[in-house]
Every structure is written in C-alpha cells, then in structure tokens.
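Order as written gives the chain letters A, B and C; numbering starts at 1 within each chain.
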Amino acid sequence: MPTLRTEAVSKEFGGVQALKGVTISLPAGSTLGLIGPNGSGKTTLLNIIAGLEKPTSGAVMLGETRIDHLPANAIVKLGVAKTHQIPRPFAEMTTRENVSVAVMYGRRRIKDTKRSLNEADRLLSLLGMDARRDLPASSLTVQEKKRLELARALATGADVILLDEVFAGLSSDELRDSIQLFRKIRGEVGFSALIVEHVMGAVLTLAERVVVLEEGAKIAEGTPDEVVHNEAVIRAYLGFEENDSPG
Amino acid sequence: MVALAVILSDLLFGMMLGCVFAVVAHGLNLIWGVVKVVNIAHGEFIMLGAYGAYFLNVFGGFNPLLSAVVDGALGIFVGYAFYFSFLHRELRGKERITLRSEMVTLVSTFGLSLFMSNLAVVAFTGDFVGINWSPGTVALGFLELPLGALYVTILAVLIISTSVVFLDRTYIGNAIKAYSQDITATQLVGANPTKVASLATALGFSITMAGGALLTVWIPTGINPYMGALYAPISFVIVVLGGPGKMLGSLLGGLTLGVVIDVLQAFVPVSLAYAVAFLLLIPVLLFRPEGIVK
Amino acid sequence: MRIAGLGVTFFGLLALMLLLLILPFAFPFSTSVILINLLFYTALAYSINFITGMTGYVSFGHVVFLGIGAYALGASADVYGLDPVLGVLLGAALGLVFALAIGLVTLRFRGVYFAISTVVIALAALNIVLELPQLGGSQGIILNLGFQPYSWYYTIWGIVLFEMLITYYINRGKLGFGIRAIKSDEDAARSVGVNVSALKLYLFGLSGLFAGAGGAVFAWTTSGVFPYETFSLTFSLQMLAMIIIGGVGTALGPILGAVVVYLPSYYFLTVAIGTQLIIIGFAVVVIALFIPEGIVGTLKRRSASLRELLE
C-alpha cells in the first residue's frame, strides 16, 4: 500500500486562490483528518487528489507515481477512491448492482458478473446493508446512501479512501454507529483514509493525525489533541466572529 | 471603389439578415436561459409565425410588420399552452431542472416538431408560398436598401432591446432573472415560480412567432411546412454563439452568423456557406461554451 | 429458465430470425419487399439503440451515418463498379470511422449540446454533399444495380442478426453494468472507475457502423443516392421514434418499435406518409411525457413475471 502525498498543490479559479501550496502526507494504513472553516479548500483538495480537478501547480503522488494529470477513472484503477459529499447513487440500479459496478470497474477489474455480485453482497454485509440489497438505490435513506458511497469506494478495491463529509447530518446515535462501523471496516479491510469533516467528534476520534486548512493554506498539523489546542486553529474557527463585529 | 461598395453592401445585408435571425432565435434564448429547457420544435413555431403572416396578408392585407404584432399576441397564448402541457409537470416544485427532465423535454418537443411540421403539410399543402411586400428602397450613399428589410431590422432590434430593458428594469423582469439563476430565489423576491416560468415561456413564444412573421420579408418564396428544419438549427447556433441566457447574445450571435454567411457566400456556394456557419457551433462549444463574449 | 444467462427473449428472437431466414423460400416477392423494409427499419432502430437507447445521448442527426453509408455504396458502385455487398461493408467501415471522429469531439458535450451538435453536423454534411460534383451534387447518383430481392433480404437480415447478438452481448455482463451506470450518472460512474469516454465512443462507433451499413443497403435497394432523401432528418426522427416507442436500450425494443412505426405506414401508403408521421409525432409526445420507458420498459416495470421474460 503506497503513501499518498500532495506536494505544494495550488489551485486558482478565475482570480480566487482556492489552495496555496498545500503539502500533506497520508502514510499507508493511516487515517488523516482534514478540517477547516468553510471555504478553506478542503473539498477542492480532495477533488484534485481524486482527479476531478487539475492543480494549477504542484503535484499529487501515489507512492512513486505522479497522478495529478490522470483522469478520474484511471486514478480509481490505481487504488484511490472518493465518496461524494452529496450521495450520487445509480438511481435505477439496485444497491447490489451499484456496488457491483464498482467491483467490476475498480482496481480489481473483475469481469465475471456473478463474482462481482457476490463480492458486492459481501461488502454490503460488512456494512450491515443486507436487507437493502435488491432495492433500487433511489429508495434508500440518506444515511443508507452514504453507506452505499462508502461501499462503492471500498468495492473498487482502493487502498486509499477519500471521505467527503460522510458523517454530516447524522443524529448522535447514528453518528456513534457510523464511527463504530468505520472502525470495524477499517480493521477488517485495511486502507488509508483521508477524512474531510466538519463533525469534530468523528475526526478527532478516528484520525491519528489532523491537518487544518484556512483559506487554502495549511495552518496546523499534528495529533488531534495538538491541533485542538493550537492557537492558530482556534483563531481560524472563532476568528471570523471578531471580524464581523461592527466598527 | 466598386469592390468597397460590394463589400459594404454585403456586410450591411449580412447584418440586417443577422438581426432577423437574432429575433427568431431570441425566443429560444429566453426560454433556454430562464427555464433551461430546449424546445426542439422551435423551428415549427417560427413556421407557424410565418404562415400566420402569410394568411394575414392573403386574407387581411396585413404587412409583415403588422402581422408580427398579431403573431406576437397569439404567441403569448401559445406559450402558456406549451408551458402547461409540456413543462409544468417536469418543473413543478423542483429546485433545479434534472437531467431526466431535460431529456424528457428534448424528446417530447421532438415529437411535437414531427407532429406540427407534418400536420402543416396536410393543412397548408407542401407548396412554397410567400408574401409580396415591397415598400420600396431608400438610398444610403451608394447603397440601395430595401425598406422592407430595413423596417424588419429596426423592429427586430427593438424587440430584443425591449426585452432586455424589461428584464432589467421591471419587477416581473427581475423575477424572471432571479428564476434563471436560482429557482428558490424567486420565492425570496416574492414571486411564484410557476407564474414566472410560464410568463417567460409565453414571452419566448411570442417573440418567436413575431420573428417568424418578420422572417417572411427575407424569404419571398420560402414559406413551407418544413422551414423549421432550417431555422431551428440556425437559432441553436445563434444562442450558443451568443451564450444561452445572455439576452443581448441573440443579437451578437445573429449578427455574427448573418455576416459569416453573407461574406462566405461571396467565395463559396450558398450551401457550403451554411454548412460552415453551422459547423461554427462545434468549436464554440468546445472552447467557449458560455458564448463568444464574456 | 435461463441457459448460460440467456432467457426466453433471446431464444425467441433467434427463432424469429431463423423463421425469417427460410421465409423467402416459401413466399413470393411481395412479402419479401415488406420484410426487407421492415428489417431495414429494424436495423436502423438497433443502430441508434446503441447510442441513444443505451447511454441516453440523443442523436438527432444520426441520419448522417446513413447518408455516409449510402454514398459509400453509391460512389463505389458508380465509379469503381464495386460489388454492392462490398459496398455495404464499405458503408459500415466509413460509418464507423466517421462516428469515431465525430464522437471524439461531440461526446464531450452534455445532453442537449450533444443533440444539437449532431443536428448541425447532419445539416452541414447535407450541404457539403450538395456541392460535391464527385458525389453527384444535388442530382445524386443513379445506379443500375437491378432488382435483387434475395440479396437485399439476406444482407439486411445479416445486419440485423449481428446487431441483435451484439446488443445481447453488451447488455449482459460487465458492459451492461457500465452503460447503465453512465446513463444514471456519468460523473459517479467515473468515480468508480468506469472509463466513460471510451465506452461512449465505443457505442457511438457501433451505432455509426450499423447505420452506415443500413444506409448502404438503402442505396442498393433504391438503386440510387439522392442527397435530400438520404440525409433527411425524417430518418433520424423515425429511428428515435422506434426506440422510444419500443423501449430504449432493450434487445426487444427496436423490433417492436420498427413494427409499430413501419408496418402501419405500409398500409398508409395510400395516404401520404405525412399523416403517418403526424401520428408518430403525437405518439412520441405522449410516450415521452407519460410512458418514458416505451412498451418493453413499461411492461417490465408493471409485471415482475414479465421482467424476467422481456429484455
């Protein structure tokens, strides 16, 4: 399992600097949290790593291979998969078929339909979604759709999973369940994870290291404990209130 | 000096033709930009406007300018009818038009196009007809401008500019603009999305049919049931050139196309000029999908 | 009951093709002519099914490949005296080549823009051909290929058979999953590793190949190529109507659609074809708005038992 690194990645959109030379490293098997206030560039960074956008400068490396110029589907074949912030299931296909597509077209390139469906079943079991197997994906609840996103990402056989706010919008019970589930799957399957989150509870519990972005730049990095007590980070999250005061 | 005269007159004619193309495309632009649906049967409504002008001429002695007004009024009703039969179901209560709705509208309006053009063949016969209207010419230096074409150009530009002003300065116009950017925003402005969308559609059809009437001045023998097959693609190219939803873009796209066709005609046969003009769509879509001007 | 994953529909269609294979020996020419036309329309329906039916990219200008195939046969027979069967192969080859070239550019565009660019290309092609004296200009090419109903029949039969088999091959198995994923959500498909651009191009190429072959046969049976007729958008419209009515993307849809669209027109021959198109246009509107899956799709959705049966 290779290390995923971004090296001084910058991104400019029509005059706006969304990312300013961001360098992060995701060693094999580890979990890295990526947090920051709204607009800090977290999703942009994720999109660049996944191949959905190209960096204006800098590079993304998977082990010794440079991947930032590759199309999204090629990056999946190299073992990096991303979930969608707002779930995008294949609406007219069943849950099982949704996962099967990922099994077939992911890294393992499995051609046999039956084998793919079986593998899909296995993954859905792991995620506790057996009962929803044959239902059209459009009929799933939001939480189930998020699980489907994770299932699909796993199904591609990826070593590196990029999670885009999977824990958002959950009740405290659902959140607790999801965190537990994630731990269990991480233990069983074994992958590196880059978690972009607003839900602090999830990030601080699951990540070994955390990176903090503000307005496109990295302002802090360390263990969850270190980051939480970091002055710059506290200012970043609370700072905008000061700026907003009149006069 | 003669060459210069020819070039200038070519250019001028191209621009006048372009203005008519522009108003014919403007209705499509309005609907495309606001409601975000593409009416494949657009050409057939142009045809309807043209035949409207023809029959008003034959039975009432109306000239195309007058007919444009009548057609425009009729177009409002047609537009509302179209909205409620084809679009309402797909748009009602939605925050954004889905891909599926786009496809449904694409296909259903294509069926409508088939239906209308062939019904027209049965109703009007396939004969090519035209309106004879020649109010004379006016001399502009060394150029002789046909007054009919000139009036049409003026009216065309007037229609487009009025619509721009309407969208910018009136309350309803602003509501329409709000809708085109964000459907939910319309409600924030205090307007009902359905009323706004249906009005925009009605206006679009009104302009389209008026445009069809104005077009007759340029095709004295060319009114036929299948004319939509030519003017719809022209309209699509114009809207893409000018930028879908950019109201003045119709004028820009129309002028560009008119000039290109007219200038090319000096060097290559008519058909090839049209072929090239059509193919312009592709590089624009590839490199500047928002239109040739920012 | 399935054998090697193939169900009743597959064997039913095979049986039908077998029947059609031996039919001409039992019946006189007149039946053959209806069947030739029906098979021709079926071939066109299958060809557009590959792109529009399967991916949802509406190819309004699809007739351009028909025209390319027709001119391929027309020009080669006229200038080089090429045997018509080879002309059909040439039509298929050129259809494929042009489809790949056009697709490389146009398939990057989203739904509506793709549809419009196909129309524009078809119109441009018509206008270009009108100005090419080598292709007969506006007069077209008149050929002297004679009345060969058996050759026509078996050629078009072969084309339809190939299309049917390939449709089946694609729908089962991995390709079928990828295609359905693309149709649902292209970007999400990419995010799970589907090479969307390659798959779309592959399907577009297939559709161009078979439309080209069909067009060549058209030129052969009418013994001539005439630009306005051959590049007529009416063909495109009929092709789309057939798969919309029959059911997009399915193996059975194109045949059903062809039967519904073509057969009545044979009886409408006394009335102008225009009336038939009025009805088809109306049918398309109703189906698009209320029954978007067509005959096959709707039957599959309504009845669980039929779902297994119909494909």
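We take it that a contact is a pair of C-beta atoms (placed from the backbone, for glycine too) under 8 Å apart; a residue touches a chain by one contact, two chains touch by 3 or more.
Just so it is clear, the structure is predicted and the values come from calculations on it, not from any experiment.
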item	value
Per Cα centroids, the chain farthest from subunit A	B
Comparison of B-C and A-C (more C-beta pairs in contact)	B-C
Mean-CA-position distance for subunit B and subunit A (Å)	47
Distance between chain centroids, defined by C-alpha means - subunit A, subunit C (Å)	43
Inter-centroid spacing, subunit C versus subunit B (mean Cα positions, whole Å)	32
For the subunit C and subunit B complex, residues of the former touching the latter	56, 58, 60, 105-106, 108-109, 111-113, 115-117, 119-121, 123-128, 130-131, 233, 237, 240-241, 244, 272, 274-275, 277-278, 280-289, 292
Footprint of subunit C on subunit B - complex, ascending	38, 40, 86, 89, 99, 102-104, 106-108, 110-116, 118-119, 121-122, 229, 232-233, 236-237, 240, 268-269, 271-272, 274-276, 278-279, 281-282, 285-286, 289
Interface residues, subunit A side, partner subunit C - complex	50, 52, 71-74, 76-77, 81-82, 84, 88-93, 97, 100-102, 104-107, 111, 113, 116, 152-153, 155-156
Interfacial residue positions of subunit C with respect to subunit A in the complex	5, 172-174, 177-178, 180-181, 183-185, 187-197
